[in-house]
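Heads up: the structure comes next, in structure tokens.
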Amino acid sequence: MQKKEPIVDESGDIIKQEIITSGHRLVGYSLVPDDKVKILKAFAEALDNHEVDVIVSTGGTGYSKTDVTVETLRGIFDREVEGFGEVFRFLSYEDPQVRSAAYLSKATAGIIKDKVIYALPGSPDAVKLAMEKLILPEAPHLVFIARSK
Amino acid sequence: MQKKEPIVDESGDIIKQEIITSGHRLVGYSLVPDDKVKILKAFAEALDNHEVDVIVSTGGTGYSKTDVTVETLRGIFDREVEGFGEVFRFLSYEDPQVRSAAYLSKATAGIIKDKVIYALPGSPDAVKLAMEKLILPEAPHLVFIARSK
Amino acid sequence: MQKKEPIVDESGDIIKQEIITSGHRLVGYSLVPDDKVKILKAFAEALDNHEVDVIVSTGGTGYSKTDVTVETLRGIFDREVEGFGEVFRFLSYEDPQVRSAAYLSKATAGIIKDKVIYALPGSPDAVKLAMEKLILPEAPHLVFIARSK
Amino acid sequence: MQKKEPIVDESGDIIKQEIITSGHRLVGYSLVPDDKVKILKAFAEALDNHEVDVIVSTGGTGYSKTDVTVETLRGIFDREVEGFGEVFRFLSYEDPQVRSAAYLSKATAGIIKDKVIYALPGSPDAVKLAMEKLILPEAPHLVFIARSK
Amino acid sequence: MQKKEPIVDESGDIIKQEIITSGHRLVGYSLVPDDKVKILKAFAEALDNHEVDVIVSTGGTGYSKTDVTVETLRGIFDREVEGFGEVFRFLSYEDPQVRSAAYLSKATAGIIKDKVIYALPGSPDAVKLAMEKLILPEAPHLVFIARSK
Amino acid sequence: MQKKEPIVDESGDIIKQEIITSGHRLVGYSLVPDDKVKILKAFAEALDNHEVDVIVSTGGTGYSKTDVTVETLRGIFDREVEGFGEVFRFLSYEDPQVRSAAYLSKATAGIIKDKVIYALPGSPDAVKLAMEKLILPEAPHLVFIARSK
């Protein structure tokens, strides 16, 4: 949902492709600058769309001053899915291309009302790993749980 | 900004009137249900409007399960102006029509980037008191401070 | 509910008397030491009693190391009624017998599920002020609000 | 301590068996519904029992609206043992039967005064893993540390 | 302790004078810029001085981006004396020279180990009011309470 | 920076050696007792030193009552690097000499202004693992990120 480079959005393209090829429907897409208010607005619009079950963002999860996606989301999550970031960082560490750089990401997930949000790093490899190993296998179940009872 | 009764919005009308008669410009107005996502969206849109300096909402500051304005705002404030709610409740208590009921409101204020938000109770008298005694006298100065340096 | 001196409990007696003479029913009473676990247990038992609407405790709201009532309650409140402590301290300050000592109390109130809890200081005068000026006039309404919708 | 199915409590039985066969003494057992007040009461009673060193609960650690065990415990922990949930989720991920579902649990541990609490998921396999790999090997040492000095 | 204008420090002078004329001993004084690390260092040094019982700072309690004293202190307080700021703002409001501007200050107090810290606004009038009405009458008692048991 | 045994500081020596042999410059060193104020003072002094980019402490990350390093640092971090502790505990668990004991450490990292702080356990093996696998490979990059834009 959120990406710095407006013209080429490789990580956003991977997310879209993974969603479609896994048989889910892509409801929307937007490019948002590293700005708390713009981020809030984009997420609020997606959350207000009754066709949306899951929101996946890429970028803004690092430790530069412009990285505010996770801080912004933590203020609005009903519940943070704290295990997502942990398992994602553990999987990233296991990748010899990433190793210790794994701990430089604040990637996380959370639930707002009956929707699930994933905030992924900006790197295409990280996005691919998260989508294939963690999000596609569990997101439908997590949405079901969040809506149960 | 946020009001339960969609047709007649007496408190919203008072806010608009106070803004205009005090010489400020009314930039926008919206009616929002007691829903976290709709509230977030409305505030995000106002915050994203470069013509807006101050946002005043009414309603949703009590202790019923539907009152979620303050909880929603606290998740997104950069800084809460904690003294506003205190002084507002103290002034409300001094009003013989309110007295102890003053403590049943979570009315508050806060700063996001360079804009100031006030969240007032739904009662017309409360709104009038807050606008005349606390908001109109200080909001321009608070906006100036929030933008300084 | 919680009181330091086990034999004579003047403040507890005032609370009981105020409850009864104002026409409410006294459902239970217990003396609890300044111990987090004992305090949790006493509140949990009262909260689990279907006859209970409101719980009023006295003591444990100061700044000695043994004063842990408010810290314990804040961990379990669904919502803190933040205005209660503020208005109580303002009223205490107005009492020439109290004045600046008013700020040495953390007296507060909160909601857990459909019940309201008030945590008052240990002093008989403080308890009397809080009961007559703030609790008896508003507690039934606050319980009603907390249960609405 | 806390389990959803009142009649058959397979995970509770595993915990009891693991405690006994490892040479520790089982001091108590209780079945508690997914209710914040009942959960608080059950933990407060166990914490108030001088024979108890360690409390192990099962269930209530997921993301359905009824899962409130972890949220309730976090309000009363003196210190959360944050590494427990992390290492538990990492071990769960390594189990080919669990994999990505590992991140759907908020399993955690914490210290209250001189006692250690573990909150495990409701699944028998998860309980067995946690008991054998993480709790039995470290709980006595953690209790010793929590009581030291 | 903390003051912006290095040469003339009228508010600091008032604090020193109030301390001395009320019969207490002035142990130290330092001028600190609006910088989180410098503020932390100055408070840590004062807290590490066994001759110090009470620390009073002036400035840095407003809502400009450079005002970070209160945010810094809240990270290190063992307990915040939340009532101090409330009563101070209520007294400030009652002053016809201040009125609604009272809510623009985050003035607060807190306890670290066995010492009490007061963070006052930068204005000489505010400092005088706080010292005479709230700090001098209660600080010795609050230190005594913080050290009791 | 912080170590319990004043005479022999094996873990501190390992940190110094790792810093020097990896080609970085050792700017300072201090031994600090398990005391919140002394810890704050030592970190504030290091943070106030313009030659310092990274601060590495050892000890005080466990669950005894004297272990307060992490609690103290969390109060002053601008941003916690939450992934560091997770990946460190995962690596520790993988070490057959550590296994489940890995979850007994609160080791963490964080950013204050433009400096990075690592808080490691007191054990020489833990310090060696953290330095070689996680800190030396990423600290320069993390400092660069924290200072970017």
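By written order: A, B, C, D, E and F. Residues from 1 in each chain.
Note that in this section a residue touches a chain if its C-beta (ideal position, glycine included) is under 8 Å from a C-beta of that chain, and two chains touch if they have at least 3 such contacts.
Predicted, not measured: the structure shown is a model, and the values here were computed from it.
Could you give the fewest steps needed to travel from subunit D to subunit E through chains in contact?
Minimal hop count between subunit D and subunit E: 2.
How many degrees of rotation bring the Cα atoms of subunit E onto the matching Cα atoms of subunit F, given to the nearest 5?
Rounded to 5 degrees, the superposing rotation is 180 degrees.
Hey, how far is the Cα centre of subunit B from the one of subunit E, in Å?
Inter-chain centre distance comes to 30 Å.
Could you give the separation in Å between the centres of subunit B and subunit D, each centre being the mean of its C-alpha atoms?
Here the centre of subunit D sits 43 Å away from the centre of subunit B.
Rounded to the nearest whole Å, what is the centre-to-centre distance of subunit C and subunit D, using the mean of the C-alpha atoms as each centre?
32
Which residues of subunit D are in contact with two or more other chains?
86, 90, in rising order.
Sort the chain contact graph into one of these: line, ring, star, complete or other.
other
Would you please name all pairs of chains that touch?
Touch list across chains, by label: A-B, A-D, A-F, B-C, B-E, C-D, C-E, D-F, E-F.
Quick check on the complex: what are the subunit D residues that touch subunit A?
By the definition above, subunit D touches subunit A via 62-66, 85-86, 89-90, 93, 99-106.
Can you list the residues on subunit B that touch subunit E in the complex?
79, 81-84, 86-88, 90-91, 109, 111, 133-134, 137-138, 141-142, 145-146, 148-149
Within the complex, which stretch of subunit D touches subunit C?
Residues 36-38, 40-41, 43-45, 47-48, 72, 75-76, 112-113.
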